[in-house]
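Please go over the structures that come below.
Here chain A shows up in two complexes: once beside chain B, once beside chain C.
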Partner chain A sequence: MFKIEVYTKINFRNSYAEHILFDINTTGLALIDKLYSSYLYAIDGNLTIRQINIIATELLIDKITEGYYCKNNNLTENEFSFNKTDHSIFCIEIWYKNGVTDTVAETVTKAVKDLGIMNKISVKRGYKYYLYSHRQILQETVKIIVSTCLCNVLIQDYIIKQHK
Partner chain B sequence: MIKKNIVTTIDLLNLSNDELVNFSQTNVLSLSLEEMQAIQKHFKQLNRNPTDIELETIAQTWSEHCKHKTLTGIVEYTELIPRNNSNSHYHTTKFTYNNLLKETIFKAAIELNKQWCLSIFNDNAGIIEFDSNYGVAFKVETHNHPSALEPYGGASTGIGGVIRDILGVGLGAKPLANTDVLCFGSPHAEALSIGMHSPKRIMKGVISGIRDYGNRMGIPTVNGAVYFNDGYIANPLVYCGCMGIIPKNKIYKKVCPGDLILLIGGKTGRDGIHGATFSSIQLDQNTDINAVQIGNPIIEKKILDTMLKARDLNLYSSVTDCGAGGLSSAIGELGEHIGAIVNLDTIPLKYSGLKPWEIWISEAQERMVLVVPEKNKNKIKKIFEEEDVDAVFIGMFKQDKKLTLTYDGEIIADLDMMFLHNGIPKPKISASYQIKLDTIQPSLEMTNVEIIQTVQLLLSNINCCSREWLVHQYDYEVQGHTIIKPLTIGKNFKLCGHSDATVIFPYTIVKETKKCIVLSCGLSPQYGYNDVYHMAASSIEESLRNAVAVGGNINKMALLDNFCWGNPNNCNTLGSLVRATKACYDMSKQFSVPFISGKDSLNNEYFINNKQYSIPPALLISAMGIIDDVNNTVTMSLKQHGNKLFLLGLTRNELGGSMLFNVRKLSGGIVPRVYPKESKIIMQKLYEAMSKKLIKSCHDCAEGGLLISLIEMTFSSQHLGVNVDIDAIGTENNSMTASEILFSESNGRFIVEVDYNNELQFKNIFKDIIHCYEIGYINNKHSIIIESKKHKISINENVTGLFKIWQNAISW
Partner chain C sequence: MINTKVKVLILRVAGTNCEYETKFAFELCGAHVDCLHINKLIVTKTKMFEYDILVLPGGFSYGDDISSGKVLANELKNILGDQIRKFALSGKPIIGICNGFQVLVKMGLLPYSDRCDQVSTLYYNDSGQFECRWIYLRIEQESNCIWTKNLPNIITLPVAHGEGKFIPINIQLIDDLNINHQVVLRYSSQDGNIPDYPLNPNGSISRIAGICNKQGNVFGLMPHPERYVLALQHPVRNNVKEEYGYGKIVFQNAVNFCK
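Coming up: the complex of A and B.
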């Protein structure tokens, strides 16, 4: 399985992340200093790296404002960018639960065929958030932030990973 | 003979009453004991137990959502009316309704007998005549519980569902515009408990859902309202509407034995299973994931385009959407009078593992069912295949008046259509309502400074402030028909006000036409605390007033009702519902405006920590009308320095439930009444004046009263303001104070701008109207100047500062 992470390039404004940060900081949990967000696509199927790169560049990203990482494993610590002043860095992945309609994934599956890649694939779409804070934040607090602002636990699962 | 190895047979025949109730609750059937007993009796007569899929089919068909058991049921209503001007002495009247809907709202429509009403209460939407070749259909639905659980998905499927209602009316109408009316808890409030969302999160999710679905479908979202009240904190109200245009020769449906059943659109999954019965229960923290639905507007857009193509080639004879209850309801309704057989193996699935009953009642989105004569089988399939729309023949209509379902070559359901549709017992329900007297509050005096401070408070109040942040997310221009838009924007694009109503001019569809369609709404839950009759009447009058304010013709207007109420099994809750329907009948008759469609959403209650909460009753009234000449429509923005301002309608001391009382934390007062005779003649004369192009701008007086309405007019005008003399305003009596006059929310009032050259003609039209007052003129200072010698009031306030207060209250 390949996991493609689509991020906004550093010199471009990520207004979605700005709104999420605003929401978090107006819910009484004004603890987060910086927030980055990206989209995740988990693509399962007998695909080559070259095909994955075609899918990412021709389908999933806006080449001007976005870039992508591609991995064939799960979260690793080298995903975090470090800042000496950040005491707390969390990375959160959110995915739809099995059985919940994932319309973007359905569209990607069709669009991959339109690219001429006829392999049978399954796609899942997720979200990824990086939270940075100058303060020490407990994982329990992050769970509250996730469940109140980032994830609807009725239809989505989340994984929190903390950099130590 | 039913084969039972792929379905579960329910041992219903031997269950006790307690076990029947328990079974219904455990399996989310939402059936009462009487209904379970009726099913038990029916299967005893058949000498067999039902299968799970048969029971689920009956539960969906008999659900409140599909059958409207309360509004069509027998209601024994008791009304307690105060005697001797006292709230402690009452006399009682009793009345029994055999069918509440038919004897109130529907009855008014029948009695009014408007020939231009082409379809009322018998299809997926109401239809009125647009011109000699076209009709326009309008439907408003609610999607409250799904939006409480998953705001984005719930709201987007709400709008997707109502668009399918328009696609499913007659042989399919082309959607022209969407509407949305939303009620939330205060956005500053926290979530009530774990598992529930905060009102702000619900609001943002709901608005995003409506935005994304409407925008991606290419249908403008043009009209609506937002109301905040903490009574909706965990149970938001999400009213979604859609209006479409349909050729008159495509209004009527036909289903014949031998016709094929064609399922088009999305694949079937477990989405929304028990949605129909779920809407009959209160929300709690243990709600099932399967109740959540997620929409895909791209699929629905493809359905829209291909279906209308097939319609115009006369390839199908009937259509309906898969809404609540899924295929069970859709095919059950289409085949009600003849019978149908469906092979569940043929239905395309999102994933394997679904049980037959899950396939049958799934509420997976973006699906329509078409009735296709055998001869058109290949032609219609080709049309959908060409556009990559899934289209599968899943069965056939028969003559045996039975619903037969097969799976894996075996019959798994064999239900009698007569029992399915008419076997539901009609229980008697008691309802009671106690009318309360209201009285004028102690005299309310304010100084100049206090009036300005109150204005600032009102403009920054969440129920009065700008909705610009929200409206700009919606594409209200797409299709290019929106003549009067939700925002009336000043020439410099820095200022804007909320238009009273929206006007759609379908010139690309009806060539050479001058006719256009006005859409408006009225919602006044704030008046329901005192008496739901006045709440309902005010909502009706407000919707008509809004439509008339932009050029609507009261003589060719129709209404839609959408009741959102609590648990109807509560005698007082049902009593208030009955009283509101009485108001609907009275107002419909007196304004001579028929209801053409409606929907109720009951059981809007929720439990948190074992404590039960019920929403404040809310009746949304949506109005749709036809304007003969688009050139006669009018906006609210002031047009010309020196033009005269007139106030039509009488200002009464009606501050009960008002915005002023809300921000000043005052209670009591008289809730605004509706005076249909007085209002209707003003509306008729106003249409006449607009038709003669005598009115330059017009705005109704609503929340916040006259002063707020005047300020709203200046918000959408460049460099212009108003000079108003309070002493010229006609009031009910001479004892009203300046603040009472300025903030009263009396219904039936319009502020109109008249060109000084047209003053005589205008006055001539209104010469027989008592309540027409020249109250001032338009200045070029961009200021609100209010004066009164009698009350010693002198206010001069710049509009720009007020606009910023109004605009910034909600801007996320």
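Coming up: the complex of A and C.
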């Protein structure tokens, strides 16, 4: 399985992340200083690295404003960038639960065929958030933030990783 | 009797939702309009050339999945790219409204129809949310865009989008667009000055709201001219002495061009 993470390039404004940060900080949990967000696509099928790169560059990213990481290993392997002043850094991945209709994934499956890649594939679409804070934050507090602002726990699962 | 009406093709896909207003607008201008699903066009690729004008209407093609207009842009580029490029280079008018503009930019038909390479994008609004309101636009009168002739310097139209921030691949592109008079519409204040949010609804670079190709026949814009073809469509009826809104002029220009 390939996991593609689509991120906004550093010199472009990630207004979605700014909006989410505003939401978190106005729920009474004003603990987060920075937030980055990215989209995740888990693509399974008999695909080559070259085909994956075509899917990523031609379909999943906006060439002007976005870039991507690609891995073909475990989904919870994360990269952390951080400052020494950050006391708490969390990475959260959110995926739909099994059985929940993933409409974006269905569209990706159709769009991959438009690229001329006819292999049978299965796709999952997820979200990834990086939370940074100058304060010490308990994982339990992050769970409240995630379930309040980032994840609909009825239909989505989340994984929290903390940078030690 | 031979039908001499100008023929307009409105391309429809899953998620398109402005095709009927657009059809009404062109019919008001005396054109014959067909709304055709993309799957039918794929089966008969040359059918496109039976028409004088091609329209990519507003809406949420393929649910705006991945990013707005991206999936349809890829579909058109990979399956109908040669036909659409030929249509554009023949000088026939093409318009992309809102989601249609996103498609034209992401398939690379704008701003350079001959290259068909994406050199700009329409990205998330600076506000991080969907913006829906009436705004003012300054018409760049030096532009050779066939769609915006006879419009006054400042007009008003509604916008409704979440991804409308025009971003070029580099600053040189903005210079080129200005030199070639390809910038057609800019967000404006009511008196023609530089607007702040919310009159600039998305933070577009150089306040760009619409561009055309060098020939002026391919035009993309984020505002919705089809939603202001009748004067009474304006919320404060500020043009009620006139029968029509500014949007009608846009469609009438293209129909007259093809006559």
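Some notes on this structure:
In this section, the second predicted complex is superposed on the first by the 160 of 164 C-alpha atoms of A that agree within 3 Å, B and C clash if a C-alpha of one lies under 4 Å from a C-alpha of the other, contacts with A are read in each partner's own complex, and residues count from 1 in each chain.
Everything that follows uses one rule, which is that a residue touches a chain if its C-beta (ideal position, glycine included) is under 8 Å from a C-beta of that chain, and two chains touch if they have at least 3 such contacts.
Owing to the predicted nature of the structure, the values given are computational and were not obtained by experimental measurement.
Overlay on chain A: chain B and chain C clash in the combined arrangement. Once chain A of one complex is fitted onto chain A of the other, the partner contacts of A:Cys149 are limited to chain B, with no touch recorded for chain C. Of the two partner chains, neither chain B nor chain C is touched by A:Ala42.
In the superposition on chain A, A:Leu29 makes contact with neither chain B nor chain C.
In the superposed model, A:Tyr16 lies in contact with chain C only, and not with chain B. After overlaying the two complexes on the shared chain, residue contacts for A:Thr103 are found with chain B and with chain C alike. Of the two partner chains placed around the shared chain by superposition, chain C is the only one that A:Ala111 touches, whereas chain B remains out of contact. Only one of the stretches 203-211, 473-481, 671-679 or 725-733 in chain B has C-alpha atoms clashing with chain C after the fit on chain A, and that stretch is 473-481.
Comparing the two interfaces of chain A, the one with chain B and the one with chain C have residues 19, 22, 103, 107 in common. Within the complex formed with chain B, the residues of chain A that make contact are 19, 22-23, 26-28, 97, 99-103, 106-107, 147-149, 152-155. Within the complex formed with chain A, the chain B residues making contact are 149-150, 153, 190-191, 194-195, 197-198, 200-201, 204, 269-271, 287, 289-290, 292-296, 298, 350-351, 364-365, 812. Those residues of chain A lying in contact with chain C across their complex are 12-16, 18-19, 22, 58-60, 62-65, 103-104, 107-108, 110-111, 114-116.
Listed in rising order, the residues of chain C touching chain A in the complex are 62-63, 65-67, 70-71, 74-75, 78-79, 106, 118-121, 123-129, 167-169, 203.
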